[in-house]
Amino acid sequence: MSGPKLVSILRQGPHLIASIHTALDDTEMERFREDLVEQIGRHRSRGVVIDVAALDVLDSFGARTLRTIGEMARLRGAVTVIVGIQPDVAFAMVSLGMDTGTVATALDLEEGLAFLEGSGARRSGAGRIGAPAARAVPR
Amino acid sequence: MTDHEHHTAPAGTAPVSPEYLYERDDEHQLLPQLVAHLREHRTRLRQEWAGRIQQSGLLRAMTPQEMTVETTSVYDNYVEVLETGSVEALQRYARDLSERIIPRGVETHEVVGIVLLLRDVLARSLFEKYQLDFALLNRVLDAYEPAANRIAITVAGSFVDERERVIRQQQDSIRELSTPVLPVRERLLILPIIGVLHSERARQLTEQLLAGIRTHRAKVVVVDITGVPDVDEAVANHLVQTVDASRLMGASVIITGLSPEIAQTLVTIGVDLSKMDTIGDLQGGLEEAERLLGYTVTRDSGMASP
Amino acid sequence: MVRRVIAARVADAATVDDLVQETLVRVLAAAGRVEPGMLEPYAIVTARNVVTSQWRERDRHQRNQHRVVDLRPSAAVDEDLLAREERDAVAQALTRLSAQERDLLLAHEVSGRDTRSLAGELGSTAGAVAAQLNRTRARLRVEYLLSVEGVEPPTDRCRPVLLALSGGDRRRQREVDAGRHLLECGSCARLSQPLMERGQPREDEVRVRVESDADIVAARQAARELASRLGFSRTDLTLIATAVSEIARNIVRFAGSGEVLVELLEHPHQGVRVVARDTGPGIADVERALTDGYSTYDGLGLGLPGARRLMDEFAVVSEMGRGTTVTMTKWRTGR
């Protein structure tokens, strides 16, 4: 990728921290997915935090791509947590009928990392954040 | 600006005044004369005015002492406007007075009423004083009336402005109160919803809750809908979307006080209630919230730890 | 009557501008086909006045913008081949007007008659005369462009569309579905450029060409930016942007190319309307495409039901083989 970095993927211990810095188009989003999944495999990561705080829109394609990342990461033995979904973005996502599927969500990077630390236990309490939604039905 | 010192000041020392009061030489001489007259008979005229107010049943919310203080101030301000032609001091005083009496239920017509009464009391005293010289009386009244009208407009205007400001302020605080997001303790928010939920209010509520989650870094939200009579399908749907959106932000939502009617509406629109965390009452909801936050196990950062 | 008035102005007009006079002579010499009498030379002056004054107007508004066609007269104009072509084009454009239209235009533009006195003469109202003049000017601009570009409109629909654009009449533009026609008709798309740049730049609409992934992002950002001027809440802005993202993606995936037009509405409430058009294959069963579960990431109609949930009003018109138009609106208040 040339120019200012659209995304960054950093290693922190057994985890990867992936941050999206700006609005991505579909092609860039797919490249991000490929890069991230490849790095999960290469580093044998146990957890992945995807920080989407900079996104002002998460449409069906964006949400779907995040879910796909989560599923592919799980196949490689890593837990994924999406952090930083903005209030208005969260509302637009559910209005659209999208969610993050089985992928966990947390408020921000700090919470996301805390979730990964605690997720080994994977028990009740805060570990259940991002449980499958009740799903609103279209009007 | 107080004029108590000047009560006995000789006429003719009035400062330079706006043209409207002194368009004619007449006024130049008459107004100072008039001011001197009103100062001379200050006590009697003020008492007469207060008596008329009482007779008319205005300002019943005030005690006799308050009445004395306020009527004296208004009277002095009134005379000062006649003297200087500047309504600024009167305006300030009227605002200040309005602020004090509006919460006590004083109405616009009362304020207009007392100012008109004062105008009337003073006009009568001028009538008495100059009744033998009809031509002079006419000129005195010509000088007095425009100034008196301007004073009445100033006072009434100040009162209405102040009243509107107070009403706006009250509306704002009611709006805030209608959807209070209460941080009960670290990471825990309560959203008690009371009253009828229509679409617009539901929308505001959602925006406030989601913003509140971010601001308070909430991990658990208890939404208590005990006080909501019933909801239509659109609002029920909105409620569910709010729960889902909160989850996307990493917060768990517990619904308490779900009435059978609302539960039915939720089922009708296809919501899987088993996937919503619902608990009978607020107390139970708070206990569950604390359990989720791990308070019963450890009181550290609220992280889930075994 | 009109002719008499004009005839009375001959001397004046001739002395006003030697340059114009020379132009007239040349046009007369070159154009045996023009209408009889003295009318035509003045018609040409009029036409030039009309066209160039329109351009001056545009010049004021868009001083720094690149001009597609520069019609301003210059000192060198008569030496120039382009200028001659322009003259011919004006002359030809005038022949396309009806005699009545021409007379009215000349009386107003050349003789300086005001709309009220013309209305009295015609037994009409000043407003109606002004409207008629506007329509005539619009036609003249269209005919001039067709002539100067040497284009014969390929379809019956071209002239009505160009006229609607030239007149700046948005209602009429919608009636003739001008946006769709411009997507379909290459020559009109080209001719429409100077017509649409004429007049005031529109501040309450934005048009985004959509044919690649990056355009999806551009379209939703443009929609958010425009809608934010109406004071929509952040949540509403995100709903609008997300809906635009969905329908713009539909265009890229299923039609290849199209456009997204975002416009601000004032009536009956403040709001924002998004019109997405494409020239794709069309949707066979719109009802089904709007049903949840039908749309998949591989199928036709992706995102339509989702986008519909985000907006207040939503309509899809699709014609097989011609394309799809999605119109959706979000109102700012009053809900």
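For clarity, chains are labelled A, B and C in written order, and residue numbers in each chain start from 1.
Everything below uses one rule, namely that a residue touches a chain if its C-beta (ideal position, glycine included) is under 8 Å from a C-beta of that chain, and two chains touch if they have at least 3 such contacts.
Since this is a predicted model, take the numbers as computed values, not measurements.
Trainee: Can you list the groups of chains that still touch once chain C is no longer counted?
Mentor: one piece
Trainee: Consider the two chain pairs A-C and A-B; indicate the one with the greater count of contacting C-beta pairs.
Mentor: Most contacts of the two pairs: A-B.
Trainee: Can you name the chain that lies farthest from chain B, using the mean of each chain's Cα atoms as its centre?
Mentor: The most remote chain is C.
Trainee: What is the distance, in whole Å, between the centres of chain B and chain C, each centre taken as the mean of its C-alpha atoms?
Mentor: The computed centroid separation for chain B versus chain C comes out at 52 Å.
Trainee: Based only on mean CA positions, could you tell me how far chain A sits from chain B in angstrom?
Mentor: Whole-Å distance between the two chain centres: 48.
Trainee: When the centre of a chain is set as the mean of its C-alpha atoms, what distance in Å lies between chain A and chain C?
Mentor: Taking the average C-alpha coordinate of chain A and of chain C, the gap between them is 46 Å.
Trainee: If a residue has to touch 2 or more other chains to count, which residues of chain B qualify?
Mentor: 206-207
Trainee: At which residue positions does chain A touch at least two other chains?
Mentor: Residues 86-88, 91, 93, 95, 139 of chain A touch two or more partner chains.
Trainee: Show the residues in chain C shared as contacts by 2 or more other chains, in ascending order.
Mentor: Where chain C meets two or more other chains at a single residue, that happens at 235.
Trainee: Show me the residue ranges of chain A that touch chain B in the complex, using the header's touch definition.
Mentor: It comes out as residues 83, 85-88, 90-91, 93-95, 99-100, 105-108, 111, 114-115, 117-118, 121, 123-137, 139.
Trainee: Name, in rising order, each residue of chain A that touches chain C in their complex.
Mentor: That would be residues 23-28, 56-61, 64, 86-89, 91-93, 95-98, 138-139 of chain A.
Trainee: Where on chain B is chain A touching in the complex?
Mentor: 206-207, 210-211, 213-214, 217, 219, 233-234, 237, 240-252, 269-273, 275-276, 291-294, 301-306
Trainee: Where on chain C is chain A touching in the complex?
Mentor: Within the complex, chain C touches chain A at residues 212-214, 216-217, 220-221, 224, 234-235, 237-239, 241-242, 245-246, 249, 292, 297, 302-303, 305-310.
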